[in-house]
């Protein structure tokens, strides 16, 4: 449950080094490494392909058609942070454009994740500031209602606590609880090491059926081959 | 309300010079300049990124699965026009491909806005003919039912009168009533001049909170900072 | 109706030469050539633009959240095949990533068509392995339930029999029954020859209204010109 | 295009008697009678089945999450009116509940058509005040931004001018331009008279194929019967 | 793949007695009895609650916005049949109303399943003629393009062959291949007998955990209880 | 973030008396009383109209297509509880039917809230067991993967902690944090007392414009009346 009208200034961010290391494993691997939880819904899409980031979550709860709190959250950004913006009801308006991006970049933000729309996407692309959003919309917003900063929010179906690690790339976005970042990075590293070997075998023509020893369990499960 | 079976040949187009000037401000700025109205719904997307156009609307109302009137509207295109196509019921068929694009380009059209599907998108991209559409579909259409040309249409949720100015880019599409084009261009120019200065301040680290003097109204609205 | 737990090893593939020739005509032309049937729904989109393929369908039916049969279908792939994956209920999980793609490529697959999600899309793009899917999702799957391989499946609204020809490009995906491939290729070739001439006329300014002799039928259908 | 901040007090309502007569023909018949135009999109649904109304449109344009103008429009309602509410961007909030309904009923309103959400639907049902809406949502709204009353609006994809006739029932909603109401009522009456006779024939087992003399045109169009 | 312009007059219907018996088991039970396949997508909804039918499928393929073939299929209906209507592209128009229903009833049809819209739903409800559809829409259709009757169709994601058994109730719609009807009815009967006993135990407070002996497999699968 | 494979047996439920009192205020009033937060998304709909419940949340996290944990959560139900079921990815399968409902009722459950599908809805309606769900689907599920019970879950976009109060009626569903139940009930009671008086005034013809003293602020905000 969210308290409205609150800005929490001191949050405990996930371990910086481990958080930073997550981007290179990618969302799919990190998501497996933490046990297949924490994904935001797949309607969230990057405004341009190829971006890959990780960082600590600074959260903001906004109201439909109102981006006032975007200016409030800007002040709470520290270098390496990723802003995670939730809306209190479904909305497709464009909450964020090149001016706010300029400010976010000046504060050291790495990306914005927003469960609503953004605009000025061509300029954002040229600036190299990555955004994952529900949609793109030129529709501007007003500044009339107070929300909150650095409270737990539900963004695109996932709970994000301030300070959690966020990993985002072309496959989507995953949230890693701050306490889990170290072990998740270790598990992701182990997974990836393991994948290199598998990739080589598969490339040489070995079948997953044999590599993973699936033939017997498939037969037990009732699979039958016919001609 | 639409009359069917009518082609209006003489329409009053928005002032050419002012209309042409709108593209450079972009959809987001123009939308703010006219008071945040006139946007088409955000499900309308360009078939390739980076296109940015403005021009006078030539409108056409088609029926589901039937693109006969596309050939009728082609004759009414004048250089600098943008065709705005509405459908009398929801449809995802591909009403427009490279042959029609060849004809539209020969007539001087700058773009197509269509609340349905298009096809041959790779060729259209190579030809550099921009289209904003609801979807992409290879499904062809028939030529059996008469619609209308240059009547007022509702396209993707917005009313478009023939001769209105259309501005379209990666952020979406906005319609500017023909009578408002001059003052809208002036307001957009003023807005943009103003934004350059703001951008410089924000880039230097000044917060929007201070630049826009928001701290006092936020406090009055009940915002509280906690540690 | 689908039988579960069956892998059919011997399927009759559509004529190889004719199937291979279909890619160059493109989905829109092939779809017209077979009489405007066989299209998959337009929500199916390529993970990167510009891919254009044709090949014989190897089909697989999977269950929601379970990609076990992806390893089973890999063994049935022959060079030139396209895997068509249907799910027994709606699902957005990521069934396929770079490891499976490595295996599919080693077997000679040309593409994957899947009515669900895929992941590792940046790597798939770098590998040049084209996928048409309903969505992109990092959400992994389990391996617990048996489905079937090379049975008739309904994928994105279209019936695909194993061995049918599949054509896919930026406009979407069309399935051509194995028996129809020869005549469809011939019809597509005839259509395309015909289009070149039309394109030239339209580019020179001739209107479709005149080229297709539409003025009289439009008048009969009640179209009226007003000033 | 909409002007914001305007309340038009004097509007010309469609002829009362003809407008009132439209409800008994129903939306499907009226929609055919005016030439198959003017329907609102089918996502608009009644909050309870069985309501059937017609009346003159009083229009209101609201902003996302803001129902301030609902109180402004209430004053402009005259007995027999139907309020048509459009939103300047997509929104699912609950703009209207039992208090506003009490006020609307006191003013003589017959129904509300709203391209957003409503709430208190159980009470509205008990009160017998019919509403057609995009969704049902308990989410309340604020009162911060000015919109307009009795300007042309686009509601659920259809243009509605103040004073137009609205007809709504379980099949949906249709708008009839004020000038067309008389001839539309006449055409609907003729249609309905005609339908009674057809219904009798069809009930006795006569086929539409014979009653409408379709066998010959179907054969000409290429239809073939096989065993 | 569908052939267009064909009406097949002689189809082999599923065994009448077994087909008729399926309605009483309901869609959920029949779906389990045939191995969890054959369901139409859940967006298909009945126009009124409480209807429950089974019958042999008479199929029709229509085009977007065109209901001409509805009159052709009417002639092929035999008492006890259910008409299954597919559209060659997505469409929300109202293809069917009270006049066609009168004709269908006169021919002995039990229901209509249509992957598009219907209208006159209040009258259809009063007539007691059940329809499962994608939506409700007053939008009428034209009669211009030929489709087919009694060919295999894909309706709401499921393959339906003419003569297959259809079962529909408030839970949705399932298709049972004609050859499987006898064994499916037997399996459904066995399932239902079994369910009565289970229901009694569960009502008395026995937990499914114990009745189905799940505690051990859950523990093996790693489930842990904490306080 | 969710831990998998955990069943928490001892949870602190919201105060029983206050929780029970919330149903009579209804979701819309409770939602206003807690400051317009905590609503589940409006796509969640009751399977039959007229149900109105409140109770303490027992939560369960399930996987797509797998309802194994439904049997685990049944054991944790205490009289007066409402089960809140979240799925780890989007799914429309029917997780719950009349057998599970029989068990839930035997344990004293008041309702089920599930972000997926349910089946046997006719029987559930006859049993009077209310369910709010994303959809209705006859598609059954398997029992293969372990989830968790009584952990925090995100259901239809809202965070629900075990023991929170849930209120659900025809307007939707709202979650009230366990600690806030007392003050929320008090605020709701105050609101409702206040509404009775307002209702009387509005029914007598007093306008909201006057009752809420809106004329001056509207004029200040720029509203203009024209004739």
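Annotations
The letters A, B, C, D, E and F name the chains in turn, as written, and every chain counts its residues from 1.
Heads up, the rule we're going with is that a residue touches a chain if its C-beta (ideal position, glycine included) is under 8 Å from a C-beta of that chain, and two chains touch if they have at least 3 such contacts.
Predicted, not measured: the structure shown is a model, and the values here were computed from it.
Among the remaining chains, those touching chain A as well as chain F are C, D. To fit its Cα atoms onto chain F, chain D must turn through 120 degrees, a value rounded to the nearest 5. Compared on C-beta pairs in contact, B-E and A-C come out with A-C as the pair having more. Interface note: chain D and chain E, two copies of one sequence, contact each other through mostly non-matching residue numbers (shared numbers fall below half of all numbers used). Taking each chain's centre as the mean of its C-alpha atoms, chain C lies 42 Å from chain F.
Averaged C-alpha coordinates put the centre of chain A at 31 Å from the centre of chain B.
Chain C and chain E have Cα centroids lying 28 Å from one another. Chain F has its Cα centroid 41 Å from the Cα centroid of chain B.
In chain A, the residues that touch at least two other chains are 36, 39, 42, 89-90, 92, 137, 139, 145. Taken pairwise by the contact criterion, the protein chains fit none of the simple patterns, being neither a path, a ring, a star nor fully connected.
Listed by label, the pairs of touching chains are A-B, A-C, A-D, A-F, B-C, B-D, B-E, C-E, C-F, D-E, D-F, E-F.
For chain A in complex with chain D, the touching residues are 63-66, 89-93, 137, 139, 142, 144-145. Those residues of chain A that touch chain B in the complex are listed here as 5-10, 48, 68, 70-72, 74-75, 92, 94, 97-100, 102-103, 105-107, 117, 119-122, 125, 135-140, 143, 145-146. Only residues 26-28, 31-32, 36, 39, 42-43, 45, 49-50, 52, 169-172, 174, 195, 198-199, 202-205, 207-209, 212, 214, 218, 221-227 of chain B touch chain A when the two sit together in their complex. Taken in their complex, chain F has these residues touching chain A: 1-2, 4, 34-39, 41-42, 88-90, 152, 154, 157-159, 164, 175-177, 180.
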